[in-house]
Amino acid sequence: MKKLFAVTLGILTAIGGFVDIGDIVANAAVGARYRWALAWVVVVGIIGIVLFAEMAGRVAAVSGRAVFDLIRERLGPRFALANLIGSFFVNLLTLTAEIAGVALALELATDVNYLLWLPVCALAVWLVIWRVKFETLEDVFGLLGLAMMVIAVTVWRAGPDWGSIFHEASHPTLPPGEGLPTYFYYAIALFGAAMTPYEVFFFSSGAIEEHWTRSDLFVNRANVYIGFPLGGLLSLALMSAAALFLNPVGITVEHLGQVALPTTLVLGRTGLAVLLVGFFAATFGAALETALSSGYTVAQYFGWQWGKFVRPLQAARFHTVVLAAVIVGAIIGLSSVDPIKVTEYSLIFSAVALPLTYFPILVVANDVGYMGDKVNSRLTNALGTVYLVIVVVAAAAAIPLMFATKAGA
Amino acid sequence: MMAAARVMDAALELLDRQLIDCDDRLAGNVDDVEIVIPDRWPDGASGELPVVTALLSGPGVLAERFGGSLGRGWSALHRRLHPDGALISIPIGQVRDIGSAIRLGLRSDQLASNRMEVWFRDHVVGKIPGAGHAAE
Amino acid sequence: MRLSELLDLDVVDENGTRAGHVHDVRLVQDGPVGAGFDAALRVQGLVIGRGAVGIRLGYGRTLNRGPWLIRVLLSARHDSKYVPWGRVRSIDEDGIVIAGSAADLEPPPVLPARGAPS
Amino acid sequence: MAVAFAAIGCAVGCVGSSQGEADYQHKAVATTEHVRSSVRTVELAVQTAAEGDDYGPYLSRVISQAEDDASSAANAFDTIQPPGETSDEVRDQVDELTQQALDVLSKARIAIRRGDVGGLVQLSSDLTAAGDQLEQFGESEHV
């Protein structure tokens, strides 16, 4: 019974934990611009993150080694250092976007400018990491993140013609006046939103924080196979709400406030209140995950003690990196950069950095020396190889497309 | 019963692996491996094999492995910070198990690679209230 | 000497024919595990070859049967050779000289698959 | 660091100097579509307000952000040098349309800040008209 509870909780937190500022912005922006013509990317992204996170979770549970630890073992210290610098930069960009996202959610609820909220949010993120137990923060923010479900309720209450949505999604066509490069640019942003490297750093390190062993592989599978796809449904709901309400009148999404308009129209002030709680929890949870991930990656590369399972004094270097990342993230956020633009760039750079983490995990998940009889099945390897190609193509195309389309302008 | 001899490849199974101390603390990585070739080799020591005497761990060791200008700069910086040149050498006799991580029979605070940890503990993290308490 | 100094050194045979470079150093441990490894870990020979990426990832040494595509792309297995320590004649910064001809080197014996550590 | 981001942002996003009539035309359409997006956003916000619930500061935020967006899009367009005399006509048209829109957006912002929901709802038809005109411009000039 207790085990069942743990699994349920894990699934719920996976749903709530999947969606972050990147998903919110990218799905709403794409829905408003392309309706359902990019819905297939969400499906491709979800299958990818399921595959990737399941391997990373299994490797962590069986070998007791988290992702970046293995990256250095398999790629050697030089290449792994280049990888670390790249991943750390992308992670910092994402952390900045998430902290700004928390501040933007509070701005909508209070009419106080987000720049005033930003330092408060950064401090709160750090305090929670400093003082709150790993399991507690995962449960609290995961469960609160479920408030985002109100987006799905919005779409359902709007009573759309499901048949024609399905038709549009399965027969994607370019809207008039739109070019193919921009379409693929947004495809990569959406893919980056679903398959973000920090999710895997966090998931695999989290497995070790929670002391997973071989007997927890069931929990791993339940979280990944049920939690992430349901989280993906939330992404599709965000896209659909924008497609139904913002696209017909020609609104392009530039602010978090616009993402909330459909829910406010359909469900009134209660809907808005629940959604703002969802925005807050999803971005705050992701800010915690990215802040911790910056510490995880650096500490795992050098072999330092890391994690919240020991007291901060026993993982001094790890906590120093986390603190520094939060401070730098807050400073970048406080400079006059547009937080929504930071989010979009973080998604593109996530796609660029993805192969660097995906490839080593795919290799180690096949290594009998680490995994014993828990190596990848043939099916996982077949899918894993297909995704290796997808991930590499997306990474190679991301930057050229960014310049060719002036970042989707 | 005599265990069968175990064969392993050093770069694959030792290099860059996580070290874990006797209190289950993470204690750095294997940054290099010390191999001692018999004195009179190759002429007078035909039957004797070289022996692995120690695992090496610490930023100075890692820097030397990097080579190139990055490695040289890093290791020069390291020598300035630690002029005693102490590199951390873990005698092979202190190794308890070689698996996905390498378990040691000693405590991490006996290792020189731990000095930076101590510095950050004393000067940064230790100054923040609540550092010594477990999270709630 | 350090392991990292051996890795990637060029290997030539007595005739001066290039045989590849050092991928790894094969160790044998004949003492019991648990009571410490005192003097029990010895160098048995060198694994040499040409490509370096796949070998570092564990391909070609039975540890990894990995996805077919990666295995084929990296195909480390085919050109890996094993030099028993007894054939090593000299080691310096410029490289390693081995006795006899490179042509008669055999592929490395496959490492036994072990279960995952508990 | 921030400078670096700003540089990336500018390298890929800034409206540069116009090259040729077609390019200018294209930017004119993009500007009106941008402003239209803001007008429609406020229209939806007003529609929500009309239902009478108290949304706290939310609607006021949405409206003032939309106004800011619209005015920065209009300003950015104004800084572009029209390449020839035929472009002057396009420029005048865009100016007139965006100015009209900005007027209504300001009125909406003033009303919501005062808590004057009645006044806000009265702007509804002006907003629709401004949005429609911007939309028509976009359709007529699209090449």
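The chains carry the letters A, B, C and D, assigned in the order they are written, with residues numbered from 1 in each.
By definition in this document, a residue touches a chain if its C-beta (ideal position, glycine included) is under 8 Å from a C-beta of that chain, and two chains touch if they have at least 3 such contacts.
From a predicted model like this one, the values you see are computed outputs, not experimental measurements.
J.: Minimal path length between chain B and chain D through chains that touch?
T.: Minimum step count, chain B to chain D: 2.
J.: Quick check: more C-beta contact pairs in A-D or A-C?
T.: Taking the two pairs in turn, the one with more contacts turns out to be A-D.
J.: Taking every chain's C-alpha mean, which one sits closest to the mean of all protein C-alpha atoms?
T.: That would be chain A.
J.: State, to the nearest whole Å, the distance from the C-alpha centre of chain A to the C-alpha centre of chain D.
T.: 32
J.: Hey, how far is the Cα centre of chain A from the one of chain C, in Å?
T.: 41
J.: For chain C versus chain D, what separation do you get between their C-alpha means, in angstrom?
T.: One centre to the other, that is 67 Å.
J.: From the mean C-alpha coordinate of chain A to that of chain B, what's the distance rounded to whole Å?
T.: 35
J.: Mark out which residues of chain B touch at least two other chains, giving numbers and ranges.
T.: 15, 65, 100-101
J.: Of all the residues in chain C, which ones touch at least 2 other chains?
T.: Touching at least two other chains: 56, 58, 63, 116-117.
J.: Residues of chain A touching 2+ other chains?
T.: 63, 76, 369-370, in rising order.
J.: Name the touching chain pairs, please: which are they?
T.: Every pair of chains meeting the touch criterion: A-B, A-C, A-D, B-C.
J.: Along chain A, where are the residues that touch chain C in the complex?
T.: Where chain A meets chain C, its residues are 62-63, 74-76, 362-363, 366-376, 381-382, 384-385, 388.
J.: Please give the residue numbers of chain D that touch chain A in the complex, ascending.
T.: The touching residues are 1-2, 5-6, 8-9, 11-13, 30, 33-34, 36-37, 40-41, 43-45, 47-48, 51, 53-58, 60-62, 65-66, 69, 131, 135, 142.
J.: Where on chain A does chain B make contact in their complex?
T.: 63-65, 69, 72-73, 76-78, 80-81, 130-134, 136, 299, 302-306, 308, 310-314, 316-317, 319-320, 323, 369-370
J.: For a test of understanding, state which residues of chain B touch chain A in their complex under the given definition.
T.: 13, 15-19, 25-29, 31, 57, 59, 62, 65-66, 100-101, 108, 116-118, 120-121, 124-126, 128, 130-136
J.: Given the complex with chain C, which residues does chain B contribute to the contact?
T.: Chain B reaches chain C through residues 3, 5-12, 14-15, 32-37, 42, 46, 49-52, 56, 64-65, 92-101, 105.
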